[in-house]
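Across the two complexes that follow, chain A remains constant while its partner is chain B and subsequently chain C.
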Partner chain A sequence: MTIYNMYIFDRNGTCLFYQEWQRNKNSGMPQEEEFKLMYGLIFSIKSFISRMSPVDFYSNSKDGFTSFNTNYYKLHFFETPSGLKFVLNTSLNVDSLRDSLQYIYNSIYVEYVVKNPLCSLNSAIKSEIFKEKIDTYIRGLPAF
Partner chain B sequence: MARQGGRATDPRKVSQELFTLTYGALVAQLIKDYEQDDEVNKQLDKIGFLFFACRGYNIGVRLIEDFLARSGIGRCNDFRETADVIAKNGFRMFLGITPQVTNWSAAGDEFSLIMDANPLADFVELPDDHNQLNYSNILCGVIRGALESVQMAVDVRFVQDILKGDNQTEIRVKFIKRLEDALPAGEE
Partner chain C sequence: MPIFSVYIINRAGGLIYQMDHHQPKTEVEKTFSFPLELQLKIVDERVVVAFGQRDGIKVGHTILAINGDAVHGRKLEDGRDILEVIANSENYPIAIKFGRPKLSTNERIMLASMFHSLYAIGSQLSPEQKSSGIQLLETDGFKLHCFQTLSGIKLIVLADPKQSGIENLLKKIYELYSDYALKNPFYSIDMPIRCELFDKNLQGLLDSYERSGFYSQGM
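Up next is the complex of A and B:
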């Protein structure tokens, strides 16, 4: 099992954080463009899913889009009610990582970014301790 | 990780008196700096809310994240549920009080929070020359900032305050509109 890379977006589509652990192939575009494309994809999938849904799921459940598979990788998605979006790419044999993404939000993002008055909430996160915590946590996951 | 144990034993908690007095010092300094009560009210609201222009410490938008993380509460289905969550979970968690939710407007888009006790104003008596001051106006900014983060634009204001000689402290919250997700750059 492998974890490839992770993106965190705020609700305005700004990429707050990106890290890769294993990525053999690049998208071949500037990173800024890639972030925009990823956010655009998530945005479109979400609106597509709620529009096409045969049942009215937004009224009785919090989660819409949770993950998708391709034949090579799996994209995990988790969104908080405040619109913070976590995206994690892994190999296919990894089970749902929503709990892990929830943990990253609860115990890493909130603790080390929200409660750090020097960290801005709407631009890329510069905190070293935050990056370090994420790295340690991801490397410690059974899926890594 | 988990926040357990009593207030006294947890080194990350401060005593309520310290908190109340610190808030008092903030208000007193703002009065010195801005002189006019109206202006102080505005500033308190701003500090409570988020102030995009500066990278200051903005309480509402930060508290909501802490709140969501600790309470595990998801999206509310309607404004009534939101009101209940603010009073029973939000105020409870951060101020240790549970205001009453009441005085709903006929359209269901406006309600009042009635507070019997206000921990921010425990030691406060307003002098006569500051009768326009909404001492706890920061709460308005906090509620506004927190709700904006979960995509609700609201208007929040003090209508009654025990400090001004009213019988109770009442904060009025009015729903304005739902905010939509930001569109990706370059799309309509």
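Up next is the complex of A and C:
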């Protein structure tokens, strides 16, 4: 099992955080462009799902999208009610990581970014301790 | 375990076949007295509930009928604007039917080409070499399974999250496609599939799949 990389986007589509652990292929474009493409992909998938869905979603989840698989990787997605989006790419044999992404939000993002007066909420996160905590947590996951 | 619908997309992203197999009922009809407690707004020329979820009427539902008269876009059949009808206290009590809007053919064509590009982007953003595009899209309410054949045609099945064995079903649909569409002398490749035998056999396949939960080879 492998965890490849992780993106955090705010509600306006700015990439707040990016970290990679193991990446075997680059998208062949500048990083800024890649962030935009990834946000666009997520945004379009959400709009696609809400139109395509034959059923109503339960009211407790913001919308229905949880993950997608290709033949080589799996993309996990979690969105908070405030529109913060967490995207994590792993290998295929990993089960749903929704709880882990929720934990990252609850116990790492809120603790080390929201409660840090020096971190601004809508630009890239520069906090070293946040980066370190994410790294430790991801490396500690059974999926890593 | 319902299978909701089947889509077939050609190499260029055009929708060439679509079938709805099982449509869950989401319609709710309710009689209201003046004033209406629901907040409505207009999205894509449709009147949509924006706020005030109650009695099975959910945010995102559109108005399908008023007092039994079907609604077209934001107007009634006789040309009256829905919002004006609802705002006028003389029309009350009023029976309004809400539900998820049925997709029009144009919307389906648009969604199909949208998926075509999402598939390509999914492959481009891969952290791993030689990845394909999206093969399985999971949501809380349904799963979308996609199988791209060697010739680039995408077969898509929307099914209940608990339905298993869709990979086999997709291969079976491909088999039906080759047998009843490609071998039909009147069918030209990449064009919409209008073959009675294909319709009939696909319907039968989906029915048997739903009944058994999985499809056995010997059928």
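To be clear about the criterion, the second predicted complex is superposed on the first by the 138 of 144 C-alpha atoms of A that agree within 3 Å, B and C clash if a C-alpha of one lies under 4 Å from a C-alpha of the other, contacts with A are read in each partner's own complex, and residues count from 1 in each chain.
Keep this in mind: contacts are C-beta pairs under 8 Å (C-beta built on N, C-alpha and C of every residue); 3 or more make two chains touch, one makes a residue touch a chain.
Keep in mind that this is a model prediction, so the values were computed, not measured.
J.: Since both structures carry chain A, what do chain B and chain C do when superposed there: clash or fit?
T.: The answer is fit.
J.: Of chain B and chain C, which one touches more of chain A's residues?
T.: Tallying touched residues of chain A, the top partner is C.
J.: First (chain B), second (chain C), both or neither: which does A:P117 touch?
T.: So A:P117 only meets chain B here.
J.: Looking at the overlay, what does A:D56 touch: chain B (first), chain C (second), both, or neither?
T.: Touch status of A:D56: second partner only.
J.: For A:F48 in the superposed arrangement: first (chain B), second (chain C), both or neither?
T.: It touches chain C, and chain B stays clear.
J.: Just checking: does A:E20 make contact with chain B only, chain C only, both, or neither of them? Give me first, second, both or neither.
T.: The second partner, chain C, only.
J.: Which holds for A:T66: it touches chain B only (first), chain C only (second), both, or neither?
T.: After superposition on chain A, A:T66 lies in contact with chain C alone.
J.: Tell me which partner A:G40 touches in the superposition: chain B (first), chain C (second), both or neither.
T.: A:G40: touches chain B and chain C.
J.: Between chain B and chain C, what is the tightest CA to CA spacing in Å in the combined model?
T.: 5
J.: Which chain A residues lie in the overlap of the chain B contact set and the chain C contact set?
T.: Comparing the two interfaces on chain A, one with chain B and one with chain C, the shared residues are 40, 44, 59.
J.: Going by the contact rule at the top, pick out the chain B residues touching chain A in the complex.
T.: Residues of chain B touching chain A: 1, 50, 52, 55, 57-58, 61-62, 64-66, 68-70, 73-75, 77, 149-151, 181-187.
J.: Mind listing the chain C positions that touch chain A in their complex?
T.: Listed in rising order, the residues are 4-5, 22-24, 26, 53, 58, 60-61, 100, 103, 107, 111, 114-115, 117-118, 121-142, 144, 158.
J.: Chain C touches which residues of chain A in the complex?
T.: The touching residues are 4-5, 20, 22-25, 27-28, 34, 37-38, 40-41, 44-45, 48-59, 61, 63-73, 75, 89, 91.
J.: Name, in rising order, each residue of chain A that touches chain B in their complex.
T.: Touching chain B: residues 11-13, 36, 39-40, 43-44, 46, 59, 62, 80-84, 105-107, 109-110, 114-115, 117, 120-122 of chain A.
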